[in-house]
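Following are the structures in question.
What follows is subunit A paired twice: with subunit B in the first complex and subunit C in the second.
Let's look at the complex of A and B:
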């Protein structure tokens, strides 16, 4: 900073590299000596932090039944207990478990002849005269009945399971996030499903069969550090019923509890203690699902026939309607990126257009006749400044925002360190590439007002139309694939799980493109604009 | 970014020689002259005409695109406000209107023309008023074409996408009261955006900063509001009192009870923003050296 521009060129450096270094320093000097631009970048960081904290730090969570229907507790006292799985992710782990311990290696085999269910609210024939008179018959797409080998009955423990599902056939799932499809089709007495899990050390292998003689291996799960004695048995569970009506700019609908009942026979266990008794356990029965299973008979064993009923899910937690508790994500605190982006784009466009307005461009190009290098140096300097600005703002907004959320009783879905780094650095990179894009458009248009408006409109407006519910979902998702706004996918911290029924829309924080793919779209636009700017800068008189 | 203040301007006389004045039928001729001068400035450069044409064309194109991209498949309830959908392009067109209105004043600062203008018309508020009248008038014309074209596109495209009369979607028509209100209101919306932009640009003088500020005021609040589902109280405040959210309620023709603010009140909120920006800009214009 203090070296200034008067330092003579150091001898001994190779000429080409030396002059490019000088060019970079010249552009850096131009940037740092215009007070308005430096202030603009500081404003960008400030609005990013302030809007991020304001928008996300204002949830008012109340809980507990106080007098007169008002919540007795609020704030941090309401922070829900959410179990985390072996990978550190927040999970839902509620199911009915008919189990016995299994020491060492062994396997379990069952036949399932039926999977039925009930759910609350909405259409369908109600069940008259039963304890479930407010519920209707019907199965959810991811209702589950099957067999499971779990490290313990604690929520969030490692497991591998083979199951039949409501409408996704047989599946092998393990450790909450893994899902492998097995035999297709629904289960019935006429077409039962045979399932088998075999444990050998840390490895659990799942098999399925339609007749109990010809078996197919579905998948293998590696559960690192699996206890010597595990819990093995039958499971039944059913995630929230969701009846959603998609409409212009979102979806409305009912979400309610559901129950699933599986009917098992030919249950055989090898490797365990012979003749061990089965016990029923409502895993996770302290949460909202427990109240459903308390109303029904959850486990009946008659002869060789087991009937098991459960409610809940064994799955990663997500945001949106499928989430059991109100959740926030780390990127909720980055909503100020838009305001920061606008300030960065203004500065970046002016970084180029001011040269034209003042006539400085003629001096610049006389000093460096290789015009492409001038453009490259400008893009590099403003990109770097924008990156640092964005990184500082994101690294301040996210940790403080998470603390604020916790203080208000809002549960923030945990992410791995790698994901958090990707979200923070990605936000910074998004601002950097947008700044380069603005320099390129500024070079092409040479007018600051038009350049600023063009860049802001192509990046921010598609996001508004796609996310803030001003366009229908289909059209909005296409905008978020094709426009530079696709880059905001880099801020999405929670993956989309096919084995969890949810509303995966931009409004709920799920982008149609993968994080880096979306970012690449913006990079593509910036590269195209830089190419056009390079061409025009060389062709036109300054 | 402001230039060094021109010291001599501070002592410039605030009115022309009194002798020349007396011969004219005071007031109106002055105002006519100022208007005419501003009209000449707008008319004789290519920019404003292109920007006005672009406003109309881009608004219609985006509206038609939104209508074409929206389908109502058979058997699904589609609670779509077809009038509002057909006017989606306003959200894009307003950005071009903002450029036009910002340049109307900031280009004078970037070329130094403002010193000539204020020497010729020392009553600075008259200059701003003339610019406001002309820019909003031109935007009203372009906006009328933009809105008319958008509604026509919607009327032609939407029935083919399942929004048929038999399913309760009458073809868009200005004879329908709420649709007429939405159409007229959208034209007024664009004019108010022009006034807001002119006020902001007069205050900050630099075109890039002005455009950034205006687009920030318009586009950031809807995103913040959408992210605040956890706090309905603040969400309501943002939706009811920020320029774009409040102003665009004028486009709603269905579900009026669910609106954060009634359509005309919403447009009134935007008018308040525009007035505040113009007053701030006018005051700064009077108080500062040019």
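Let's look at the complex of A and C:
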């Protein structure tokens, strides 16, 4: 072989000022030139999409009971009509409404002396002489009786209400999601509650009083675009009875309809037509009691005393046992995230550990003696690749999954665009930060199997244990607070409402930490690991 | 090209209880090939890793052109190195291996193709590095070392795995690099590999330098003033030469090793005494012998490093036809 070709030439240097950019480019070249890693990321996206869509395809909903036990209808024909509130969220809006119109500004004041209830489906003796068989006496924690100013009787209308509740004292609620506590304690003839609502333009202010003399302002609701003429009156409603016990992998128990009856007197209306008549409306046409419904959900007026009985709730719709109709959330189609995460973690860890295994780390560090920058570039490149992988997978799985759901007759709880973006981009960010975490752990441990196992044990395992409900009550929640798996909260699209009784467990899609707080936990772990990796990489011999 | 040196100054390093470097000091000058020779475990690779800033020394300094390696920006333009030819991601194509290295230095793909041509890897550049023979990996490593067209090259055991043609190529390549004014440091545990390549030798054992000398001076010192004498009249020759002040040793049947007299003087003495002889020649030592000479007294070293002495023994067999 000749050495004639070895005449030196100054190589074509293309020296940017920014050598960090060159480093990023080098690490990107490293990543894209190992086919197995690229395939690994594609596999991650595919398993996320496939598992997410399988979750949609597994719902089979029938309705409209036909002859025998087989449903007459199925699929899209069964898609329930769910009202949405002023904020666009799905709501439950069923109550008995004793009302009359109110033109312009005005105010309503009542005294409530009793709130009682009955429910079906639970244990205990049935009520003798009741219109309904198999009902038991008892009030639900969020049974409601009170006064309301509503834009109209249409479901999902803007409203503000003052109410006494089963076990949460007096509350002012408006537009389904807002809840402000008033006087505590339960209502009785000996301890009645006075409630007042005053409308002034778009503003409705609520007051409560124990004696009708000394009044306390509870809160003020701003109902944008409230009609000039609104409906004002008395309400009674009661959400489903629920008795649930956590059970291996979920919960089991009894759920049944319930009724609440409120007794009102000293009803006074100012600003309305004098002597206006009261009309009873079953808003939401609850037919929980079939042909008996119109007999049990009704009101009686005797002198100045009103007895109003209703069933249902005025509240945001939720997913879980408290939901009136079968509902799905957008994040149902991201259940494959944990599987995609495993693939991403394997690739990310190997992106670093393969260099140690082959001794290539010496070539890398001889080319770039500033070791911290090498780690930063590696973390950035793999984080960006993981982010794009997660974003593509989520942006495919969620819209297609929602479409499949609707085809199956499964109602998907609507969310705002901002929430949807947070869930999709958050899923991508979850994969990205987990990938950075894996690179850092790979740098510390220098062995692929150990690094992959460590990251999966601290992220995926707590997630599965927590979400599958395999741990004792509370333990799963703590895992999802303290472990990096807390970051899966970023996928939760539906908030947890204290004013809606429900089973708010990870198994039902409710995480113990707020979305960004949970994500911050993972970021904290990744930052700590990265710090340790920086320290060790700089200190150790390569 | 800016002439650049490697200066290694009193390096000390321990790995746990093992002393790897024990006061290693030498300088690699530009324009020549410096052989870095010693048995396995003598500290050659550790020294090279310390020079590259990969391992930290417990004491002492290593400088490239007066600067520590870690302070160099785009270091591959200052020092090209090949530490371990097997350090490759097997599933990455050879050209892509060079490409990421080039990108890390702000170099272009055009430069990658140039060094591929220099290393003679044109036909194999698009194959996966995992399928490369050791010889091809050495060439790939050389290509990587040449990427930045550096004034200093540092190669650890570059002859390993090369076929005879590859060895000839490598020797020519190293000589041409030195001829261009580069400082070239080449380690080997086989003296024979460097016989016709190295201008200067740094011989090490147990973490320090045993000899730091030009190849010519080492050979001269080892050869001494010994003369090889071929004669059938051994006894007479021994007698007259001893009288003349020489020391005579019998090497085999009819060959004597004479020291203490120059070759011309030996011929005069033999002629004066009418002792017949067929050949008188000034002895030329091989590097192998020079090494043996150098370490003959280092019994402690040889006894304490049995693992290190075996490659020397085997190379002695290969090149042992000369001399004795």
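Following the convention adopted for this analysis, the second predicted complex is superposed on the first by the 508 of 542 C-alpha atoms of A that agree within 3 Å, B and C clash if a C-alpha of one lies under 4 Å from a C-alpha of the other, contacts with A are read in each partner's own complex, and residues count from 1 in each chain.
Simple rule for what comes next: contacts are C-beta pairs under 8 Å (C-beta built on N, C-alpha and C of every residue); 3 or more make two chains touch, one makes a residue touch a chain.
If you're wondering where the values come from, they're calculated on a predicted model, not measured in any experiment.
By the touch criterion defined above, A:346 reaches subunit B but does not reach subunit C. Once the two structures are superposed, subunit B and subunit C can be ranked by residues of subunit A touched, with B on top. In the superposition on chain A, contact of A:335 is made with subunit B only, not with subunit C. By the touch criterion defined above, A:36 lies against subunit B and subunit C together after alignment on the C-alpha atoms of chain A. Judged by the touch definition given at the top, the superposed model places A:25 against subunit C, while subunit B stays out of reach.
Contacts of A:535 after superposition on the shared chain: neither subunit B nor subunit C is touched.
In the superposition on the C-alpha atoms of chain A, the part of subunit A touched by subunit B in one complex and by subunit C in the other spans residues 34, 36, 354. For subunit A in complex with subunit B, the residues that touch the partner chain are 34, 36, 40, 51, 54-56, 58-60, 245-248, 326, 328, 332, 335, 338-339, 342-343, 345-346, 349-350, 353-354, 357, 410, 447-453, 456-457, 460-461, 463-465, 467-472, 474-475, 478, 507. Against subunit A, in their complex, subunit B makes its touches with residues 1, 66, 69-71, 76-81, 85, 88, 91-92, 95-96, 98-99, 102-103, 106, 110, 206-212, 215-216, 219-220, 222-228, 230-231, 233-234. Residue ranges on subunit A touching subunit C, taken from their complex, read 1, 3, 5-6, 8-16, 19, 22-23, 25-27, 29-30, 33-36, 354-355, 358-360, 362-370, 541-542. In the complex of the two chains, the subunit C residues touching subunit A come out as 1, 49, 52-56, 69-77, 79, 81, 83-84, 86-93, 96-97, 99-101, 103-108, 110-111, 114, 117-118, 120, 144, 147-149, 165, 168-169, 172-173, 175-177, 180.
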